[in-house]
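Here come two complexes built around chain A, the first alongside chain B, the second alongside chain C.
Moving on, here comes the complex of A and B:
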């Protein structure tokens, strides 16, 4: 028998016992669909978290003075010192690179915010450039008031966005004035009155109690510096991060004061932790699904062989070889895997589209403020990988029963009751 | 404690001969290496005005009235009340030294001598005396203080001051001190005292609302107009902008 004939015969054998075949197909299809949906959820979580972190303030690349970045070390939440003096030249060089949408300068601050009635709360702040942040796709989650103006404010017209927890602690609303006190690079203190332009949320409950953002010019007035802490590079596509990283490093190489160019992934250890956790869960769930499919398929295949012992004896008696018998049974399993995977892919696709259309929302993740929309991603690799995995699993599950069937003695098989 | 040690302690009081009303000119090296020139105007122990003299700092003051201090900055309309945690380490250390009256306000709990250095453990006689405890190390031969550790009432170290050199040993006027705030992680701050002069200090200098007396102060001395550190810019407005 040629392989094609074996494949054809295997398909006909499956069609002979439709109920048993349908049961096996249902198991395989459910397993494939589970893998497709889980992969879609994991991809959605990874992509959502990644883009939220990048457009929530990390940017795709960070450029900082190498010494300041090294001093910052592992404590990434500590503000970088305003060590980048020639940042305008650096920015010009970076904004000429491909994929770069904009390069925004940041000045990090820490200090005390005081309200007019004397309430005082410590803050962590960032001076930023709203116009460039908009071009970089950074999002401002405004809860009250308005966003910062695009143009740098004149002295005496300084404004700030306060995170809602900080605004609540100070008892201020949009339009009111707070005084910010911060340390200058020399170590002296300075104070600046700012009008609360708006109240925002960072999306992180803990950060909301201390965060504020003000225009770069205002932050520089408060810190009495013309330098910045770092530059954030926004790209038109996150997948271009590697290429942009290499290009930025090449463009900035050879400077007297070396600069550290850091991709977002190295500045987001949280993302790595979540990714590892989710991958662990995915592998665990995937293993359970595969084991269930193997057990169910093995059982079905063994039952199928036990029911067909006399048939196998007859085939052997008319000259069918042991190898052909084994190949026929393995081919049946491969058909089951392929057809089940196909059905499972269709089922998974329907589940993904259905869940996305349902507009379900999930509670805020730990530490976050807002609930998130449940949107499952369509992962082509999961469809292809799931199908291949199922075929492989079914073939593996069939090997042992097929070998046993092939070893049956013709006389015993013909006399099997 | 022996009478000799008691005399040594009493004689080691820094600024012991300083007048009640004085102007002190000093500078410290900032965290970024830039020199920060200051003036301290004192009227008794209760009133002190720190005037920042660098061009970028013009119009910026710290006013201390008793135990309370305010920051006056051109960018802020109203005086900003400062918590002790915000007090600039160098200025605060010097102000604390100027207020220190060892013989009058403290009693020695113990004294230990080792290799010519006598270390006194001092405890404030009254609860309102700051700091409540001081560990005071004195060079026995020269009678000059070497090191002071200001401690909390719970005997935790708060600030360390080392006397590096002296402008006038007889009057116990230091030329350079190194101050380290032990409650913060900041690095040690070197404070250089350039001049100390006794002069009448008007009460109006310490008025939080009326800036006219501060605006009438003589312009900063020439050496104080130090070049700003790279990347620094002057404060907006070169004058004190307190509301009338």
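Moving on, here comes the complex of A and C:
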């Protein structure tokens, strides 16, 4: 009996008990749809978190002095010192590379912020170039006031964006003046009065209590340096990170003071942790789905065999081989898996499109500030993988009952009531 | 397509020696056959008669390689079934034997033509050839007009005729029919029996029918009567009408 004949007969057999077959198909379809929807949520979460981190301040690539980068050790998120003196030349070289939208210089500061009424709060600050950050797609989440001006401010006209927790601690609003005190690279203290241009959120509650941003020129005046801590490279597509990394390393090779070029993924251990957590949850849910499908499908397959013991005996009597009987029963399971998965893929597609169209929102994730939109990605691998998994699971669930059916004693089977 | 090989020419189609077979029913051993010796030649029509529990079905199961004896030997076309492996016994049933059962045992999801075609499907006969042979077999049992009917749309007599066509479509050397008329009224029973006899003659096949219907027994040219698992009588009646 050819595989085609077996497949044809197996399909016919599924039509014997339409209600039971429909129920089994529904279970498989629901399982497949659950996998598709969960994978869509996980993928969207990964992608959203990745892009939020890149456009929230990481950039796609970071260029820093190699020695300074090595010295920062486990504190991967920012270099320790303003060690990049010839950053303008480096920037020119990098901005000529494909996929690069802009290269922004950053100067990192830590110090004390003081309001006019004498309240002091320690801050973590960054001097940045607003015009380039806009070209890189960096987000500024303003809660009041306005963004930093694109042009470098003249001395005495310095401004800053304060994260809302910091602004609340200082008791200041947009338009008021705070004094920033920081240590210069030489170890002396310097102070700078800045006007609060706006109040922002970083999206991370903890960071909001300490963070401020000011124009690079202002930060350099405060730190009394022309150097910067690092350069952040923005790309037009995150998928081009690997190619851009190689191109940047090639462009910067052979310098006397070597530079470290680090992709965003190495500077975002949090992303890796979240990804591992989500994947763990996905595998856990997937396992539950598979177990449920196996239990439901096994019941169907065993019932289907028990109802046909006499028929199986007859087929064996008239010369059907044990392997042919087993193959027939396994093919029935494979059909259940394939048809159920097909229905599940359609169901999953509908669920993804429907949920996306519904515009639902989810509460802020742990540590985040804003609620997030519930969006699901369409993941082709989840459709294909879910379908294959269902077929495989059904086939595996059928192997034992099929083998037992094939080994039934013919005479006992013929006399089965 | 694999073929059964090793048949001994001119050997009787069936020969059994000292056949015994017991079954465990609850706590008791029931001896179905208690030393049966029998020889059935090529082209014979033999009725195995006897009351319920006399061992008729057990004998047919053993002749058809559906079961194995506790003691004794079964030879089919000269081959000792004890020497055949599972696969060879399957091939023997598929290619050399045909079966008809009391409860018809047709595959409910297949129509009449597909049911008859089935033995050829499992034997790898090309589609066009098997369709033609199955259609001819159905014609020969008078069901040429009912080919596309599924078993649930056929009467009992028609179902048994489909089963007979299925038993003969692969041109077996012998057909074993276990109480083939047990579920039929007397008119249909007689027609089915006569059909089996006629088609057996036409195909040159040996036909062994178990029954306790006296009307059929009266028409058989050879009647082997079993009682308590033994051959009580082996009567040849050349004048019988079938």
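Note that in this section the second predicted complex is superposed on the first by the 414 of 417 C-alpha atoms of A that agree within 3 Å, B and C clash if a C-alpha of one lies under 4 Å from a C-alpha of the other, contacts with A are read in each partner's own complex, and residues count from 1 in each chain.
The rule is simple: contacts are C-beta pairs under 8 Å (C-beta built on N, C-alpha and C of every residue); 3 or more make two chains touch, one makes a residue touch a chain.
None of the values given here were measured: they were computed from a predicted structure.
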Superposition on chain A - do chain B and chain C clash or fit: fit
Vertex chain A, arms to chain B and chain C (CA centres, degrees, nearest 10): 150
Touched partner set for A:155, first chain B, second chain C, both or neither: first
Touching partner for A:314 - first (chain B), second (chain C), both, neither: second
Which superposed partner A:322 touches (first chain B, second chain C, both, neither): second
First (chain B), second (chain C), both or neither touched by A:192: first
Shortest span in Å between Cα atoms of chain B and of chain C, once chain A is used as the common reference: 84
Contact footprint of chain B on chain A as seen in their complex: 81-82, 85, 112, 114, 116, 118, 120, 155-156, 158, 177, 179, 181, 184-193, 220-222, 224-227
Complex contacts: residues of chain B adjacent to chain A: 28, 30-32, 34, 36, 52, 56-57, 60, 62, 71, 73, 75-78, 80-83, 86, 88-90, 186, 189, 229-237
Residues of chain A touching chain C in the complex: 1-2, 5, 9, 12-13, 15-16, 310-311, 313-322, 324, 409-411, 414
Residues on chain C engaged by chain A in the complex (per definition of touch): 61, 64, 66-67, 86-87, 90-91, 93-95, 97-99, 101, 103, 105, 107-110, 118-119, 121-124, 166-167
